[in-house]
Amino acid sequence: MRIGVLTGGGDCPGLNAVIRAVVRTSEVRYGSTVVGFRDGWRGLLEDRKQRLRFDERVDQILDRGGTILGTARVNPTILREGLDTIKQTLDDNGIDVLIPIGGEGTLTAAHWLAESGVPGVGVPKTIDNDIACTDYTFGFNTALAIATEAIDRLHTTAESHQRVMLVEVMGRHAGWIALHAGLAGGAHLTIIPEQPFDVDEVCRMVKSRFQRGDSHFICVVAEGAAPMPESMTLREGGFDEFGHKRFTGVAQQLGAEIEKRIGKDVRTTVLGHVQRGGTPTAYDRVLATRFGIHAADAAHAGEHGKMVALDGTDVTLVALADAVDHLKTVPQDRYDEAAAFFG
Amino acid sequence: MRIGVLTGGGDCPGLNAVIRAVVRTSEVRYGSTVVGFRDGWRGLLEDRKQRLRFDERVDQILDRGGTILGTARVNPTILREGLDTIKQTLDDNGIDVLIPIGGEGTLTAAHWLAESGVPGVGVPKTIDNDIACTDYTFGFNTALAIATEAIDRLHTTAESHQRVMLVEVMGRHAGWIALHAGLAGGAHLTIIPEQPFDVDEVCRMVKSRFQRGDSHFICVVAEGAAPMPESMTLREGGFDEFGHKRFTGVAQQLGAEIEKRIGKDVRTTVLGHVQRGGTPTAYDRVLATRFGIHAADAAHAGEHGKMVALDGTDVTLVALADAVDHLKTVPQDRYDEAAAFFG
Amino acid sequence: MRIGVLTGGGDCPGLNAVIRAVVRTSEVRYGSTVVGFRDGWRGLLEDRKQRLRFDERVDQILDRGGTILGTARVNPTILREGLDTIKQTLDDNGIDVLIPIGGEGTLTAAHWLAESGVPGVGVPKTIDNDIACTDYTFGFNTALAIATEAIDRLHTTAESHQRVMLVEVMGRHAGWIALHAGLAGGAHLTIIPEQPFDVDEVCRMVKSRFQRGDSHFICVVAEGAAPMPESMTLREGGFDEFGHKRFTGVAQQLGAEIEKRIGKDVRTTVLGHVQRGGTPTAYDRVLATRFGIHAADAAHAGEHGKMVALDGTDVTLVALADAVDHLKTVPQDRYDEAAAFFG
Amino acid sequence: MRIGVLTGGGDCPGLNAVIRAVVRTSEVRYGSTVVGFRDGWRGLLEDRKQRLRFDERVDQILDRGGTILGTARVNPTILREGLDTIKQTLDDNGIDVLIPIGGEGTLTAAHWLAESGVPGVGVPKTIDNDIACTDYTFGFNTALAIATEAIDRLHTTAESHQRVMLVEVMGRHAGWIALHAGLAGGAHLTIIPEQPFDVDEVCRMVKSRFQRGDSHFICVVAEGAAPMPESMTLREGGFDEFGHKRFTGVAQQLGAEIEKRIGKDVRTTVLGHVQRGGTPTAYDRVLATRFGIHAADAAHAGEHGKMVALDGTDVTLVALADAVDHLKTVPQDRYDEAAAFFG
């Protein structure tokens, strides 16, 4: 068999581990050939690819962040219109099954392809952990580890200066990183997109904590968090590449607002891209490797139109249609767990 | 209510996070009082305890390894004979529910107590991840991270010197740490207690790898691994504190054997205690905190004779009787995943 | 003897290690008593203090960032006018020698006090490494380690997306962190305050690198970096607390300018406060501990008006007057070393 | 010019950074060609080499431990007898200057070559930091960081179990790693080769600490430490490859002795090879890179028979003859600094 593989969307620690496992499993277990397409779907639109073998170079990418295939975000409209070109490229290269590794956009495209008869097995990828039908995705654990280490560091500065410190972490539509990092980092408040915040309530919490004699206040804010409409007006940050309205700098705007309202020194840190790069944690390497093995197995077993997923400790297959149907957001009971430590 | 808490068995990153969450939840959510017993069951046998409040000190233990309550291993026979003393101490201190945090031994004692009418909710703890009825236990992820970082470091030395390197990790009865660390660290072979090894086969693998021109060979060995009887005689290391026959230094003995049989430079590293100390990973802090919250909730809900457990992303309750019934070992299909990368 | 100690200015990993060593050495080697003043010079202006003993709590601060004494920035004018109050507080508390641990501001105040007859031994502290007369100060090595790890992480994202990535690190007046992090992180350009940059030249470098087929461009920017006047107009960020004109967000402004001029995707990360918090590196713990031992020794030897300093591997004493006379900036030959890797 | 480069002796984090800097500087600053010889001096004895260019591969080795050239320990006698072969290989390859990167053995061979007229500039390399005439060598800081992190982890286990814990670190002839790791890790005793230890005195210290109510005792032991002859008989471990008598397992033997004499639970951890592998710290990457730049500069300036060295913050040149004349051991005053925290 000839297996095609590509990585789409934002980069993420563990992509290389998936690629490595797909190559290893396809080559050793099935004697198949693997072709990697460059820069996500663009590689298929422009027929740019490379043969992947399990040599020393591919063996060593296990612990490297990013993706040796390159990646790119592609506008869904362009993708939809390019489906025929993509199918042609797959044909020209004799690809029997495609394994696209990516987020919502990539998996949706994989779903379209599957519906139009192109065999494929998706591998879910998202730092934000918001893809449905899987307990976790690789990259999330690494982002969480980095965010938590940053919060650990901010505690000592906040204590020494008796400061309020806000830290903005990734999570545009779902607050999983913020939720976990807040729990792991001992935050006094965690603000997530699923729970609009009230600035008055935040200020009351901060004041009450300092009045009790505590020395500092650490608040984790997901980048997609938004205030209750009557609570504060967020300066909007225009639209993102797919036309969604985007708030920018919610943490910095909230920090300035707290400082203004309660006259307390506030500092804000925006973690940004360091959360998505670098060597994956052991957890993510294992998860990514297992996803790669199972995707290759499914590809060879003719299990198409599906996506590998984590269910407890098992790697299973779910329908792509279900996975791209909605985003997985933080439910109320999980937020309540974190809230037990607020204040 | 008055809640008693203790930590038993070997120490483990995350114990303090459980204690902190039990105190926080009991105090804030239920207005209860928490008493910590010192040095595991010994604290109950000798009535040594301390009142725990959610003050700055307890708040700050979230990221500290070990346990502020101290811990100790106690012989099961002594424990069984001491059950009446333990019950008396609980009575004397007006403890309504006991939350013992510990491994197989501690949970078995908790089970005995429950059977004799003492309300209790167990929290499973094991570096080795071998307690049944729960997907994972805290401490395991930290041990895995440390083992993987060590393997990462050994790769470059092995490559530079074209060496065989063995690394012994924890896992007396189950090979979970070895299995995961081998996958995450890119091991060329992983040896676990569940799969007796054949020295000839190991030597054949090593030789074949070097003959193919590869520069090094990394083998992860669980401390409880054992050779096939006809393959090699392991010098025995006497008996452990509970009378089980104990092999010591399996990695060092195997390393010496490989060196002798194939005349190749072999180096062995025994990671030892560094795997179980120090700050927990973010993953373990979250899991331990959630276990603590749910144990306190269960204690107040009258859910006794049970243990908190992880099922996918949910924290649930399982019967202690089921949890201590058998150890959770590595099944064949999980070992086969790792084996895809052997050689 | 009674020794007073305080920590002034911004917090810095290693402050606690100095405090611990001062307490240990004074107590054990000299049988002296140590009093810690709270929140920098404010503690002396308002007579807020605490007795410090080498107990378990003080022993354990070795690896904790921040300062258990608290710290605060104080306006130099207020300090100058408060010198008599400070002297009175020292008298009232029977302090024989004061050990102020801090940066340029704190050491200048210590120098004023020394000139007016108050015995004191300074301990230099600065993340930025810009205090004169000492090879290094503690905190710098930790900041460098954090910045370098961040750059390591940004590489893989930049490669995967073929991006230009800018990372802003600390260094208002001197580029030491940027210089070292650029060398350690394999930056393709490092911009420091000592070397005004030319935006055209920067754009030329970026374009030329991509034209050669390289996949990414990483540029480290010190927060105090400034463009050549004719090259680009930096929106000014007002004045800092001491009346110095302050540029804010130089990296973000430069990033936007590059994006505009060459039409290439640019991402900017501002590391911010994570650089100054958290556990100190081993190097900084050793340096801070040695500074503390030697400061206590000097205090008891009557070596006043001086500051401990690192000279090669020796800890020595230098005159405070010399140390506060000028800032230590990056000399041309050191910048040339880094420049060997530019482009 | 044609520059030859090789890495000899045990591997060490930073070797690749030196190679990268030598290649970059020689190529870009001088237009020279660099040839790398494989596996240390063996590459010169057997004429095995590769052309090194500053391509993406060489650029990316900055943060990789080990050495892409491979390394090997060679018996000095074989080296001495092979000098003519080595000179012949250098001639055959048209090498103008050789840059050997290595420890005492490699630098001694470089010295012999220099004396017989072969131009060369040495780069000192030792984990143990015991090469004379330089403040530090790269690799040492990384080993220190790893050892300190391990000690941090052992503290919490020791506290929880009220144990004595011994940790053996590298340092066969000099105790620099132990000295620094003991200071950085808050050890209660540090034992180094320069200071023979008295087991009775060690036991007295341990007992006295526990009698004072302290919860644990951490002791750092350099692998080359030795007891006073009358204090304890160390089982000898034979001879090393160069005929030096070698004690093995001093920490384990001392641990067993303490356990026997005072009846207290003792655990010993031998860090071993993890100390010398993996990614170098930022400090070591900077030092190694600077050594590489200056070695290439010296090679092109005709400064032969010398070695690059660190003097404060300057990289200088010293005579190879001086550098190999003696080992740099820990002086009494440095040990006294650490001793301030013993007990």
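As written, the chain order gives the labels A, B, C and D, with residue 1 at the start of each chain.
Here is the rule we use: a residue touches a chain if its C-beta (ideal position, glycine included) is under 8 Å from a C-beta of that chain, and two chains touch if they have at least 3 such contacts.
Because the structure is predicted, anything quoted here is derived from the model rather than measured.
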Interchain contact steps from chain B to chain C (minimum; 1 if touching): 2
Third chains touching both chain B and chain A: none
Distance from chain D to chain A - Cα centre to Cα centre, in angstrom: 41
Separation of chain B from chain D, taking each centre as the mean of its C-alpha atoms, in whole Å: 34
For chain C paired with chain D, centre-to-centre distance based on mean C-alpha positions, whole Å: 30
Touching two or more other chains - residue numbers and ranges from chain B: 149, 152, 215
Sites on chain B touched by chain D in the complex: 7, 10-11, 13, 15, 64-67, 70-72, 146, 149-150, 152-162, 165, 215, 267, 269-274, 276-279
In the complex, chain D residues that touch chain C: 21, 24-25, 28-29, 56, 59-60, 62-63, 135-136, 141, 144-145, 147-149, 152, 180-181, 183-186, 214-215, 281-283, 285-286, 289-290, 293, 311-313, 337, 340-341
